[in-house]
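Shared between the two complexes below is subunit A, which pairs with subunit B and subunit C, respectively.
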Partner chain A sequence: MSEARFKLLVAPPAIVSSAILVLLFIVLLYYSLPAIREYGLGLLASPTWKPVEGAPGEYGLLIPLAGTLVSAVIAVLLAMPLALASVVFTEEILPRGLYRWREAFVSMIDVMTGLPTIVYGLWGAAVLAPLLGDTLYKWLHRSLSFIPLFSCQPTTGNTILTAGVLLAIMITPFIYAVVRESYRQIPRTYREAALSLGTTRYEYVRIMMGMAKPAILAGALIGFGRAAGETVAVALVVGNTFNMPSCLLAPSYTVSSLIANQFANAQLYPLMLNVLVSGGLILLLIGIASNILGIMYLRRVRYVA
Partner chain B sequence: MEPVEVKVSDLNVWIGGSHILKDVSMKAPPGAVTAVMGPSGSGKSTLIRVINRLIDLIPGARVEGKVLLGSLDALRADPYEVRRRTGMVFQEPNPFPHMTIYDNVAIGPRIHGLARGEELDRLVEWALKMAHLWDEVKDRLRDYPHQLSGGQKQRLSLARALALKPRVLLLDEPTANIDPVSTVKIERSIMEYAKTTMATVIIVTHTPQQAARISDHILFIYQGRVVEYGPTREVVLHPRHELTRKFLGGEV
Partner chain C sequence: MPDWRRVKDRLFTVVTVALALLAVAPLFHILATVVVRGGSVIVRGGVSFFTDPPAYPGSGELGGVGPALLGTLWLGLVTSLIGVPLALLTAIYIVEYRESRLARIARVFTSSLLEVPTVLIGMLVFLVVVVPMGRYSLAAGSIALAIVMLPYTVSYVERALEGVPRTYREAGYSIGMTRAQVVFQVVMGIASRGVAAGILIGVAKVLSETAPLLFTIGSARGSYPTGPQSLLEPGDALPLLIFQFAQTPYSNWQDLAWGAALLLTLIILAIFALLRLLFREVKL
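Up next, the complex of A and B:
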């Protein structure tokens, strides 16, 4: 194949794939415009969701937006210690002689990043939600109900907290992978320097984690982006109820689960589809922002003094 | 603080399948600089990594023999205890990039709870002065080390080790990649530290000139074996072994 032909062959797909993001943005914006024009800022700020058949209803995305943020923040807060502990375990605690075991453990976590999310959702709905609802939530409510977050009476396990816990389990392998790769790249000379000071393993790991801090932030941001966008697993456990997530033991909504649940009947209600698309636009922006920030932090990982 | 003599007897080290150090015996007395010299790949770096047990990090390393730091049996003791008493400076300048200049020096004393507040400030100043870096950084202790030159970074690494006032200071070709001015300052620091604190200093070097300039004793290693060991003057002026003569003449 000639040089020119080869270039002609590979250039268009590359251009198309990078153009998809731009097109996606334009299309989402185009379909959001009617909703933005009708509701203005109320689209973000109003907690009302009143569909009216044959006429524009009242739609505000405040509750699902809050649900998305709350569940994603819970997920990151729970996933960070899990991911960091796993990095320390595989990189520092598992003896180097057990190379095969270490790699098996690492591969197992890596495989978890590629599982279909519906699998997590099914497990979450069938096992995790009832389990948490019967045990942890009752206990939290009984002993910590003076804290507003735990003040509401839990009825089922399908709550915003369950969504957060499930998301934490789902994003831990991603954060683990990001942090592990950077942690492994810390040059040996810094490891030796830290150990030569007579550090215990704990102190040594603290110094190493300090060096990997940009990667840890990147992992948190990328994990947040994934958690905010995750749909099907959340839709199965979040409860799908218009309910401000000010109490974590009550069902709520997220933007993505709202879209998944309402999309099928949105045709019946004027403007509802446009409102849902604008929710998608917001998710796209959250995803882009957290990934760009995460990548920026990852670029700052350079282990040179 | 008591002077500590380093005494290595019948040391053998294997890494993977290869025999790196063969029946090595040596002594490094306190208050003096002992140079370990030899061509690259002769096992010099491995020797000092046995002394502070960094050898433990190398997968597949096997060590036999005895290493004494004063009365401490280094190969049987808790490695943290061994490293607590020894300081090390490496070939690459390696101050921690995420810590300020001050924190790089203070990290050791902080971890071991040796000093805080003004006492820590004084200790940091002492270490930086000992490393001949104080005048260049005293107004920017809160800066990060990436603004320093390579030679300054290496002196900062030296100050980090000195802040713990180690009884044994190990240096692994500390000036191999360093500018001449910093090299002179580091060499002076090393000699002063040995003489003023009665510390035991062991420096690995691949240049006989450096060994001649700063050491009191020379250990010449070739292919994992000790070829010659003696006072620097004697080894340099009257080498007993043909290989030593060749190495000093730059032929090996």
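Up next, the complex of A and C:
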């Protein structure tokens, strides 16, 4: 096969692969335009969701957008300590001799990354939600209801907080992977310099984590992007109710779960499909933006030894 | 007078270990729940769990997940037929012409697909395939899954090809091989393990995906996809069945969801185990 024919074989697939992202962006934008034209900024700012058959209904994405942000932020806040502790556990606390234990722990995290999200969702709906609803939420409401976030009476386990907790479990392995990779690259000279000062393990880890700070931020951003885009697991536990997520103990909605529930039948209602696609476009932008920012932070991790 | 630095250090160690164990604890609870609840359902259903269609909702009967299991296998096969060649050739282009503008674009754009929520892939395929065709089909689902597979397999294969030492290529060229011969006979041969890992990881990822199937394959609970002609018909898949049955109030359908979850988990874990056997250091 000549060089020219070889190129003719491999270039078209490369073009097709590159075109998918472009096509996705163009198609989402194209189908969003009617909704953007009709509702303008109200698309982002209005909390109303009133489908009407045969005429454009009133649609605003404020509640699902807020739900996506709140659940993803809760997820990152809860996942961060778990992921960082896991990094310290495998890299600093487990003695070098116990490398089999370390391998086992890392394998478990790997399996968590690969476990189907629908399995998390099924477990979340059947086990986690009832458990949190019966115990933690009742207690939070009883003891802390003076805080607005916990002021509403919990009626079910399917709440925005449950979505956040389940997402935290799901994104911890991703954050762990990002931070661990960077943490391991800290040069030996820095480690020795810190140890030579006679630091305790706590002081030593604080110094090392300070050096890995850009990677920690990157992990948070990438985890946030994952959490914001997760669909089926969230749809099973978030409650799917148009309810502002100002109180965490009430059911709410996220953009992705709204799409999962309504998109298949959206063509029955004029413009609903377009509104949902514009929600999808926002998810796409959140996903790409958090990833680009994350990569920029990762690039800053340059240890000069 | 206690040594506060030591106390703090001890406290830190205890809290860290506790949090690390808490991070992996859900895995055990999930696996245990799936094995116990799904296992009892599969034992109750016996062989018919794997072959029968679901029984009527709310009836005392269980039925099975036959069509969904078959659908998942078809989806895996057809997705691989579309996705694997596309991913391999793209990765080859990226590595062989790494200085070209297209290679740089292809690398960035395919890896960005990793950050695209998969529900949007389903949306895209719904708008550009399902609507023009006028119906849901397993083929549409396979296209969506092939797009999901692409970034994983491309990045893995790309790294595998990059890892082949330059000297092997030079040896190939020095005996008068063309670029095609060097790539397909020398480089791919040396990198075959990495290439296989990339394909297996891609397959594992797509078999466990639900969101790209929501608006693409329909949910034809009763029909068995028997041959290629079934690909243009609506079908079912294990993850989709779990998602939809979990939301119903019928206990026999919820039971089927748990059985299907165990089945799906076992399929995925089997692929991971195979990867571990074949390759030492694999990042999933």
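Heads up, the rule we're going with is that the second predicted complex is superposed on the first by the 302 of 305 C-alpha atoms of A that agree within 3 Å, B and C clash if a C-alpha of one lies under 4 Å from a C-alpha of the other, contacts with A are read in each partner's own complex, and residues count from 1 in each chain.
By our rule, a contact is a pair of C-beta atoms (placed from the backbone, for glycine too) under 8 Å apart; a residue touches a chain by one contact, two chains touch by 3 or more.
All values reported here derive from a predicted model rather than from experimental measurement.
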item: Clash or fit, subunit B versus subunit C on superposed subunit A; value: fit
item: Spatial angle subunit C-subunit A-subunit B, Cα centroids [nearest 10 degrees]; value: 100
item: Which of subunit B and subunit C A:V22 touches, first, second, both or neither; value: second
item: Contacts of A:G54 with subunit B and subunit C, given as first, second, both or neither; value: neither
item: Partner chain in contact with A:L236 - subunit B first, subunit C second, else both or neither; value: second
item: Which of subunit B and subunit C A:E192 touches, first, second, both or neither; value: first
item: Partner contacting more residues of subunit A (subunit B vs subunit C); value: C
item: Contacts of A:T200 with subunit B and subunit C, given as first, second, both or neither; value: both
item: Which superposed partner A:G114 touches (first subunit B, second subunit C, both, neither); value: second
item: Touched partner set for A:G97, first subunit B, second subunit C, both or neither; value: first
item: First, second, both or neither for A:K213, with subunit B first and subunit C second; value: first
item: Subunit B and subunit C, minimum CA distance [Å, superposed model]; value: 9
item: Shared subunit A surface residues [contacts with subunit B and with subunit C]; value: 200, 203
item: Interfacial residue positions of subunit A with respect to subunit B in the complex; value: 96-97, 187-200, 203, 207, 210-211, 213, 302-305
item: Contact set on subunit C toward subunit A in their complex; value: 5-6, 8-9, 12-13, 15-20, 22-24, 26-27, 29-30, 33-34, 37, 85-87, 89-90, 92-94, 96-97, 102-103, 105-106, 109-110, 112-121, 123-124, 126-128, 147, 150, 154, 178-181, 183, 204-205, 207-211, 214-215, 239, 242-243, 246-247, 254, 257-258, 261, 264-265, 268-269, 272, 276, 282-284
item: Subunit B residues within the subunit A interface of the complex; value: 52, 54, 57, 59, 80-81, 83-88, 90-99, 107-108, 111-112, 145-146, 148, 153, 157, 160-161, 164
item: Subunit C-touching residues of subunit A, taken from the complex the two chains share; value: 1-3, 5-7, 9-11, 13-18, 20-24, 27-28, 31, 81-83, 85-86, 88-90, 93, 105, 107-123, 125-127, 169, 172, 176-177, 200-203, 205, 222, 225, 228-232, 235-236, 256, 259-260, 263-264, 277, 280, 283-284, 287-288, 290-291
